[in-house]
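Working notes, structure below.
As written, the chain order gives the labels A, B, C, D and E, with residue 1 at the start of each chain.
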C-alpha cells in the first residue's frame, strides 16, 4: 500500500508537485495521466527518491520512505523504469542484468531464467551489447532489469515512447502479466487509449496535483481531454466521478 | 643502441602507463579530468622516502606502507572532493582538481621543505637481459606494470566491482535507478587510481632519486596525452599509448634532441588524433 | 511540369550502411511538392536514417538525394537548410534551452536574413533592422502557435510539449519549402497534438510547404497525411493513400499486428 | 545564462551598475597605492586572454587551453616589432592580435575535428609545441635567454609621442584595452554570429539544422579568442619588459582558467570579477608566504562547491532579486 | 628579498637568514636590526614583479636580493630604478643583467655573482689543455642558465680545439637520460659539457653508471659536481669531473670554513650549497656597505657599494663600472671522491660595445 500525502517536490527552485495526494492499493494497476508538465514523471521520480522533497510524505507499507535514497527504496520492494533509455549500451544484456541485481541481494539463477522466459528475445541476445538492441528490445531489457529486483511496486515512465505499435502491444501485455503476478504497477503514459485499456484505475494530474481518480470505465477520452485542459470534469455524460483520493 | 632505446622506452612507457591508467579509470567513472593526478605520484614517492629515511624501513617494506598512506590520503580527498564532483560540470571539476593539486603540492613543500630529498632505495644493480645491461629496478617496473594491467583488465571485465565501474561510466542516472551506490564506486575507483599513481611513484623513485613537491606536474601533463592517445577509458589502450610514448621519447631524445623530448608527447598526441580522433582504442564511452 | 507533379524531395537509390548493418537498402521515392507525406515503419526500419541522409547529417553510402532539381547529396546539413530551405526536427534535441523562445526563433530566421558569413558578424544599423524584422516575425509565429505569453521565457524552462511547439514555430521562420518532422507527437498530450496538427495543416494549405512526417501515432498521421509510405528493413513496403495503406495486410503484419 | 540578454537591451540597473563600476575604476588611482594598481594591472593582463577563453568556452562551448600559447605569441610579436622597428604601441598591439589569430587558423583545422576532452588535450598540445618553437628558434626569440629591455609602450601616431612608464599610466592603458576588449566581446556575442555560437554551445547538430555554419563559427571563435589572448600578451610584454618561454608555464593557463570559471563562464561580468578577485586573493595571501599556495588551492576547491556557476552567479541573482522580487507560483510551470 | 620557488630559493633563504641572525646577534648594523622579508616569484616575471611591488610599497623594503632566475631579475631592473631601491643579485648568471647595469644604464642593480661567461672559458681551457678532452657532448639544462652558458662556451670552442659531437638540452624536471647517454656512448665523446642543477647531475651521474660510462666519459661544466651528495650518487662517474664554481664547501679560507661550520650547526648538519653561501655572503656585503655609508639610506648605500672593497670568503670583492662584482672562479676536479682545487681565476667581464 502506497500512500502519498501533500507531497511537494521539484528541482531546485522550480517546484513541480504542489501537494499531491494519491493512494495505491496492493495489486492495482494505476495509470497517471495529465498534460505535459503536470508532474507525472516528477511524481514517479519523487517516489523513487530521485528529487528533493520540500514537504508532505510518502508511506509504503506503513513505513515512511520519503527522504530515503533510491537504493534503500529499491530494497523495500519498489523498482523504477524511467523514461528514455536506462541501460548500459556497451555492456551485454547479461551484464546489464547483473547490474540490476547488485543492489538486491539474494537473486538466484532461476530469477534470470524467469526474465528470459518472460522476454525470450533477451535470451537470444544475452551476449549482445545492449546498445545494439532495438528500441523495443531495450525497453524489454529495462523491464527485465526492474523485474529482477523482485518489486512489489513497479513504477514505469512512458514505456511506449518511440516504439512501434507491435512493440507497444508486447510491452503492455508484459505489464499486465507482471501485474497479474501480484506486482502493483504505477504507470505514466501519454498513449491514454492504451493505458486505459490495461489499468484498473486512472489518476489525473494537473499542475502538480491529482485532480481526479477513478476506473477507466468511468471516463471517456473526450472527458479526459477536457479534464487535462480545464481541470473540470464534464459530469453530464457519465454519472458521478469517484471522489478524489 | 636501437635495442637500448627500445628497452629504455618500454620501461619509461610503463611508468607513464601505470600513472595514466589511474587517471583514465577516474575519468571513465567520474567524467572528470584529475589535474591533481601527478600529485599522488609525488605523494607515493614522498611516503616511501619518509618510510625509508625517517622510519628506517627497507625499500620492500616501504611499498605497502606507501600504498596505505596514499590510500588514506585519497580516501580523505575522495570523500571531501571527488565524490562531490559527480554532480558538477566538467569545467568546475577542472578547477576543483587544480585546487587539490596546488594544495597537495604545496603541503608537501611545507612539510618536507622546499629542497630536494634524495631517495635511497631500490635495486639498481645491472642485470643482463637479452645481452643488454639494465638496472634490476627497471626490469621490476616493467614486470609490475604487466601484472597490474593484467589484474586491472580482469577487474574491469569480470568482477562485480568492475562492472559497476563500467556501469557508472556509461550511465550515472541509470545506476541510481538500479541502486548502484555511485558515490562508493567513485570513491573506490579514485582510491584505486591514485594508489596506482603512488605505486608508480614508489617504483620509479629509485631511478628518479630527487623527491620534491612539484615532481608530479610534468607527469600529470604526460598522462593527459597518454589517456587521450589510448582512447579514453581503454585500459589496454593506455598501456599501448604509454609504451608508444616512451619509445618515441627515447627515439626523439637520441636522434632529434633531448630539448624536444617533452614536446614529443603532445606532438605525438596531435598526430594520433589526426589519424584517429578517438585514440588507439576507442571505447565510445562518454562523448 | 505542373505544381502537382513536381517533386520537393527525391531519393534515387539511396543506401546507407553502418559497417555490416544496412539501415537503408536502396530507396527510390519522390515526395510531391505541397503535400503531406507520412512515413511509418517498425523501430529500426530506417526512417530516422533516411531523414539523416536527406538533411546531410549522414552521407548516403550510395544513391542521390535531390531537393527539387538540385542534387544535394553530400551537402552539409547547414547548407541544405540555408540554400534549399529543407528543414528538419529531431526527436530529442528540440530547442536551444538557454535562449528565450523569441531568440530561438530569431536564430532560426537568421539563415534567410543573413546570407553571408561576414554579415553575421556585423552590428550596423542594417543588421539591427534585419534582426528587428525577425523579432517581429517571431512575435507573429509565437502568437500563431499559442506561445505568445512565453516569448521571453527560456526554452529550457518550458514543458516538453511547449518546446515541440516552439521547435515547430522555429522551422517556419526561414520560409521553408520542405519540412521533415521526426516524431512530432511523441511524448506530448492529445491537446497539444491537436494544436500542432492544425498548424501543420494550415501551413501546408496557406504556404504550400511540403511535409514529411515520421510518427508512430497512426491515427493522427493517417488523418493528416495525403500519402503514407511504410518502411520495413530499410525498404519501402507500401506506399499510397493512407486508408488503403493501413489496411494493406503486409503492413498490418509487419507493423500494426497485435 | 545570467548577465546578458542577447540581442535585447540591457536593463537599467545593469547599465547603472556598469557605469558605477567604471567610474570607480577610473578614479581608483586617486586613492590606491602603486602596489594595488600593479595588482589590478596584472588582473587586466589575465583578463584579456580570459575574455578570449570566455568567448570560446562560455559562448561557443569549447574548452581551449591554448590561450596562453597565443598570449605568448602575441607578446613575442609585440616585443620583436617594437625592438626591431621602434613602432608605436598601437601598431605593436594590432600586430599582437593579428599574428596569433593567423597562427590559430591553421592550428584550428586539425583541432576542430575533435570534441570535448580530445579537443582540450589538443589545445594543451599547441602550447607545448609553441613553447618548443620559442625555445629552439634562438635566432628569433633568443630561446630561453628571452627578450629583455622590451621598450615601454609609446603612445603616438607614428614616430614620436608619449611613453607610458608610471604605474598609473600603465593602469589607464590597461583599462582602455580591457574596455575595448569587453566591448568587442559584447559586440560579438550580441551579433547574429554570436547567436550561432551560443547555439553551437547548446547543441551543435541542432545549430547546423537551423543553417548555422558550425565549423566556421567554431573556427571564428577559436581565432578571435587567440586575438584576445595576443592582446593580453602585448600589454603584458610592454609592462614587464621581459619575455621568455616561461610565459608558457602551465600555471598561467591555470590562472586564466580560474579567472573565467571561477568568475562565471558565459557571462560578461564573470571573468572581470574573477580576474580582480583571484589575482587579489593570490596577492592577499602573500601575508603568509608559507601557506600561500596551500590556502589558494583550498579556496579554489571550496569555491567550486560554494559557487558552482562562478562568483558572479550569486551576485547577479541577488541584484535581480533586489530589482524585481518575484515569487514562483504553480502557474510558472 | 625575493627568491625563486622551491629548492634554490629555500637554500638561498637559509643562507641569508643565517647571515641576518649572526649580524643581529652581534648588535645589527649601525644599531638597526636586519629584517628579512620573503617574497615568492615562482621563477616567473609576473609573480616576481608583483611580489617586488608589494615589498616596495607595503613592506617598505630598502634592499632587494634576488632573483635566482635571470628572467625575473631582468624584469626587476626597471622597477628598482623607478622605486629607488637597491637590487643586489646573488644568483643569476645571465651576463645581460650587468651589461645593462652601471654605465650600461640601470643604476640601482648590482650583482655579486660571477657570470657564465667567466665560467665557460675556465672550464674549457682546463679540460682541453690539462686533460686533453677535445671531443665533447653538450648536455645542459633547457633554461636561460643552461642555454646561456653553452652559448657563451661556444665562443671558446675554436680557441681550445674542441669539437662537439652532440648538443642536447633537458628540462629541469627530466628524469630520464638513458637514450641520450646511449647516443653519447656511441658517439665517441670524451666528455659531457653540462650546465645544470644538482638534482639533474645526480640523475645523469647515476644513469651514466647504469649505462657503463663510469670512468670513460668525464663530466665538465657546472652542476654541483663537487657537492658530496652528488658524488655519493655515483662516485666512479664523478671522479675526474671538472667544475668551475663561485664557491664550494671545501673552499679553503677561514671565513669560508667558519660559514660551513655555522651553517651545518644551524641546519642540522646540512652541507651548505653555493646559493646558500652567496646569499649569506651578500647579506654580509650589504651590511659592510651600510657601515661604510654610515646610513641605511639606499642611495648612500649604493654609493658605498660601488666603491667598496670587501674581504669576502673567496677574496676581495669589488664592483666594476657595470656594478658587476669582480669575483674569483674556482676550478675543481673531483679526485677520489673529493673535490680538489685546480686553480682560482679572475677574469674581467668583457662588455659588448654599446
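FYI, a contact is a pair of C-beta atoms (placed from the backbone, for glycine too) under 8 Å apart; a residue touches a chain by one contact, two chains touch by 3 or more.
These figures come from a predicted structure and were not determined experimentally.
Trainee: Note down the smallest number of touching-chain steps it takes to go from subunit B to subunit D.
Mentor: Tracing touching chains, the least step count from subunit B to subunit D comes to 1.
Trainee: Touching subunit A and subunit D alike: which chains?
Mentor: Where subunit A and subunit D share a partner, that partner set is B, C.
Trainee: Taking CA centroids for every chain, report which one is farthest away from subunit D.
Mentor: In terms of C-alpha centroids, the chain at the greatest distance from subunit D is A.
Trainee: Please work out the Cα centroid separation of subunit A and subunit B, and write it as a whole number of Å.
Mentor: Subunit A and subunit B have C-alpha centres separated by 44 Å.
Trainee: Distance between subunit A and subunit C based on Cα centroids, please, to the nearest Å.
Mentor: Computed from C-alpha means, the inter-chain centre distance equals 32 Å.
Trainee: For subunit C and subunit E, let me know how many angstrom lie between their CA-based centres, rounded off.
Mentor: 73
Trainee: Centroid of subunit B to centroid of subunit C, CA atoms only: how many Å?
Mentor: 49
Trainee: Any chance you could list the residues of subunit C touching two or more other chains?
Mentor: If we look for residues of subunit C contacting two or more partner chains, we find 157, 159.
Trainee: Considering subunit D alone, which of its residues make contact with at least two other chains?
Mentor: As it turns out, subunit D has residues touching two or more other chains at 135, 292, 332-333.
Trainee: In subunit A, which residues are in touch with two or more of the other chains?
Mentor: Within subunit A, residues 14, 37 contact more than one other chain.
Trainee: Taking the complex as given, what residues does subunit B use to touch subunit A?
Mentor: Counting only subunit B, the residues touching subunit A are 160, 163-164, 166-167, 170-171, 173-181, 283-285.
Trainee: Considering only the defined contacts, which subunit D positions touch subunit C in the complex?
Mentor: Going by the criterion above, the answer is residues 1, 5-7, 187-188, 190-193, 195-196, 198-199, 201-203, 205-214, 216, 220, 332-333.
Trainee: Mind listing the subunit B positions that touch subunit E in their complex?
Mentor: For this pair, the touching residues of subunit B are 1, 4-5, 8-9, 12, 109, 113-116, 118, 124, 126, 133-135, 204, 207-210, 212-215, 217-218, 249-251, 253-255, 257-259, 261-262.
Trainee: Which residues of subunit A touch subunit B in the complex?
Mentor: Against subunit B, subunit A makes touches at 48, 50, 70-71, 74-75, 80-82, 86-91, 95, 98-100, 102-104, 145, 149.
Trainee: Quick check on the complex: what are the subunit D residues that touch subunit B?
Mentor: Against subunit B, subunit D makes touches at 57, 63, 110, 113-118, 120-122, 124-125, 128-129, 131-132, 135-136, 250, 254, 257-258, 261-262, 265, 290-294, 296-305, 308.
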